[in-house]
Amino acid sequence: MRFVDLNLRGAGQVMFMNNPVTGLLILAAICWGTIRADMPQVAIGAVVGLVVGTLAAMALHVHRDSLRQGMFGFSPLLTGAAVPTFLDHSAWMWAYLVIGAATTTVVTLAVSKVFTTWGVPALTFPFVLTSWLLMLGAYQLHKIRISTLAAPMLPQAIGTTSFDVSLTNLITAMLRGVSQVFLIGDWVSGLIILLALAVNSRWAAALAVAATVIATLLAIALGAPATSIDAGLYGFSAVLTAIALGCVFNNPHSRGLLYALLGTVFTVVIQAALNTALSPIGIPTFTAPFVFATWLFLLPKADLVPTPHHQPIADGIVAGHEA
Amino acid sequence: MRFVDLNLRGAGQVMFMNNPVTGLLILAAICWGTIRADMPQVAIGAVVGLVVGTLAAMALHVHRDSLRQGMFGFSPLLTGAAVPTFLDHSAWMWAYLVIGAATTTVVTLAVSKVFTTWGVPALTFPFVLTSWLLMLGAYQLHKIRISTLAAPMLPQAIGTTSFDVSLTNLITAMLRGVSQVFLIGDWVSGLIILLALAVNSRWAAALAVAATVIATLLAIALGAPATSIDAGLYGFSAVLTAIALGCVFNNPHSRGLLYALLGTVFTVVIQAALNTALSPIGIPTFTAPFVFATWLFLLPKADLVPTPHHQPIADGIVAGHEA
Amino acid sequence: MRFVDLNLRGAGQVMFMNNPVTGLLILAAICWGTIRADMPQVAIGAVVGLVVGTLAAMALHVHRDSLRQGMFGFSPLLTGAAVPTFLDHSAWMWAYLVIGAATTTVVTLAVSKVFTTWGVPALTFPFVLTSWLLMLGAYQLHKIRISTLAAPMLPQAIGTTSFDVSLTNLITAMLRGVSQVFLIGDWVSGLIILLALAVNSRWAAALAVAATVIATLLAIALGAPATSIDAGLYGFSAVLTAIALGCVFNNPHSRGLLYALLGTVFTVVIQAALNTALSPIGIPTFTAPFVFATWLFLLPKADLVPTPHHQPIADGIVAGHEA
């Protein structure tokens, strides 16, 4: 029972929510989106990743409180979702996923150890790093087939691109911006995830909405590729940055929110930049734009912060705020 | 008045000179070079970057002494110069520049926080990192048009290339090596910058001359592309490395100078290396060769140094030496 | 005499063996392999690199005990072997090699300074970083000619590839996996290196054998390119990871060995991943897969370890275990 609870919290912690109900709703959103896209293996992969990562953490005798709060579930969950999203279904793929999920837990400990030096959490970087390696490796391994990774190409300055700005298009794109946190482009899933946030923190839900609105409009204004905007690919990292800077590691208040706004806007720039930088090696950014922006904006420990919600915990694993 | 003073010091700090007269002469060199090249927007961008970066630092309540010494001006100045050098003039470009300059200040705090762990300064890396992201982002954003970035291409071993070794060619190439610190290829600007250095530190001026001579001759000897040598692109990072290692973070003396020589020579190798490494993603090295070489040669804290000029200051922002 | 001893220990330390006899046997293996491949300049380069690097360390007054244990010899030795392996023989190449070897020592101090923060050694990363820069630089320098670097290309998912699984093929590929630690593809050299290990530590020899067997079989199972497997290119990093995790930084025992097994398996994934990631810039991975895997698996300081063999030494240079 406790094992189920900490796994559900793990699902919630992808969005900094230490709350099993939030986690359950997020898993529901993942199931909905992957079934609608006819890719149920992604939902299964996410759950397998979550459980394997958590078990690996137990085997490594990690810090108990961090484990209970789900801090070892969220990155492996994402690794587990990424593998069947981009690689072909096969027995070897599942073995690859299990090894990747267990390694994500090791990487979580490693990255946390490094960043605790500066009082900054690992965020989802363990997922990003491990999954980048798994994707890059697949190019060299015939038994691990690539399904949907974009073919490696040299970047080119893009031409005009017109996003069809109707209210429906805008709203669905913005909601897909929320669901893409979990590699899902489905507006209903986005709605369920907003609900999952609201259950635990209305600030988090409000910041998520604000961030996806701002990021989507900014991407349209700057002329980012319409298909990417429509798929929500300019929203998800901004959503995570806004929650992290706006209400998780700072208390929400006027100067802090202005700072979070700059961080959210720059996340859009980093999203575009990493799309370019990773283009020759054919891998997606995952949540790296969020991770890099949030690190850059958390490290200064700018004097904006009355009291942080988060309590640092042993070994650099930073705890989410309690439900 | 104090605001003007600290901005002028900010301009001087690009070359480690905490001196408003040096800063003024450097701004004059930038104006001369950009007007001669018919690109006045670059000088305007540099000043806007300097002022925006400094204002952002004030808004973030940074350490007062660091601010007064111009430690928050130099990286945003360079970001402000880089954007209109490589991107097309437009209203969106100016918005991009302002966001970039403000973010450069945040990144300065972040990078300084990390590197203070090892007693090493951020140098111009906040400029390099932020500007790389801005350039890479431009490829995906139709409203931010690329003007002069080299097209992304796979590296190829270069063929013979003949630099026309006349005394005039050599001297102008070497002086352009100095001016390229500010992304300007103009030998008169190079001369003014040497004067600006001499006003504050004859050692710095002498090391700058020595470095651009050594780097240019070495690049010719090793057969680097003649057009790059001629434009001063093999000189500027070496100039900064030599000043940093030779007289800023060490006192100039025999063993230290030998060490600085190795660092300067290896800066030429890193310059060539990064030209290759960045070729597939179509962005310039900026001052990264200087930053990486200087970090590698400062980190050992080799036992070469009687007394460093520099006083470390709170938050890892290292102060320049006083005028 | 002491100078010879510490250079021999330096050769042994490539594989963590602080033992002059091991070093001597390793040099013999290098000589055998390079003469058989008609590339004696590689053996000469290795010795020049070893001596130059050690002399540079002396000139920089590094920590005496670390110097005596050969901790400043192994990375420059590898740099000295890499340069004539991939670049054409010429006077400039030898100057390049000497500068590279001396710089490798500076980089060893720099990287050690950084990683000592987390109680983790620099491993062979100083070699990897310096040699990557030297290789990348060569593309821009006409006088430093590239001989055997793979041409830069965009990665492509590989097709079927069939490794001819006979016992002879398997065993020679596995032994070449051991010799490739020194950039040599020669099964006899591999045998001599295993002997060199056994002289100092039977655990190290046993783990090397286990690792090259596991890595080779796994690479075959996953469908990695047959020519790479045959050349031993999937074995060498795994060998180093297994020794490092299995018996150098942990005592060999059941849970630790299971952890080392996961690290070794993931080294194969990182090897494939870096082959892809470096493909557009045309440089080899060197021992980076070992370095990255070992860092990721050492940083957690997982609670697996009764007593580590290694004593940390001043300045972050971690000593090898005594013969």
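Just a few scattered comments:
Each chain gets a letter, A, B and C, in the order it is written, and its residues are counted from 1.
The rule is simple: contacts are C-beta pairs under 8 Å (C-beta built on N, C-alpha and C of every residue); 3 or more make two chains touch, one makes a residue touch a chain.
This structure is a prediction, so every number in the text was calculated from the model and none was measured.
Two copies of one chain, subunit B and subunit C, form a contact in which under half of the residue numbers belong to both partners. Chains compared, subunit A against subunit C: the Cα-based superposition rotates one onto the other by 120 degrees, nearest 5.
Between subunit B and subunit C, the centres computed from C-alpha atoms are 35 Å apart.
Counting only residues that touch two or more partner chains, subunit C has 117, 154, 280.
Residues of subunit B touching subunit A in their complex: 60-61, 92, 96, 99-100, 102-103, 106-107, 109-111, 113-114, 117, 132-146, 152-154, 280-282.
Listed in rising order, the residues of subunit C touching subunit A in the complex are 117-118, 154-161, 221-225, 262-263, 265-266, 269-270, 272-277, 279-280, 295-304.
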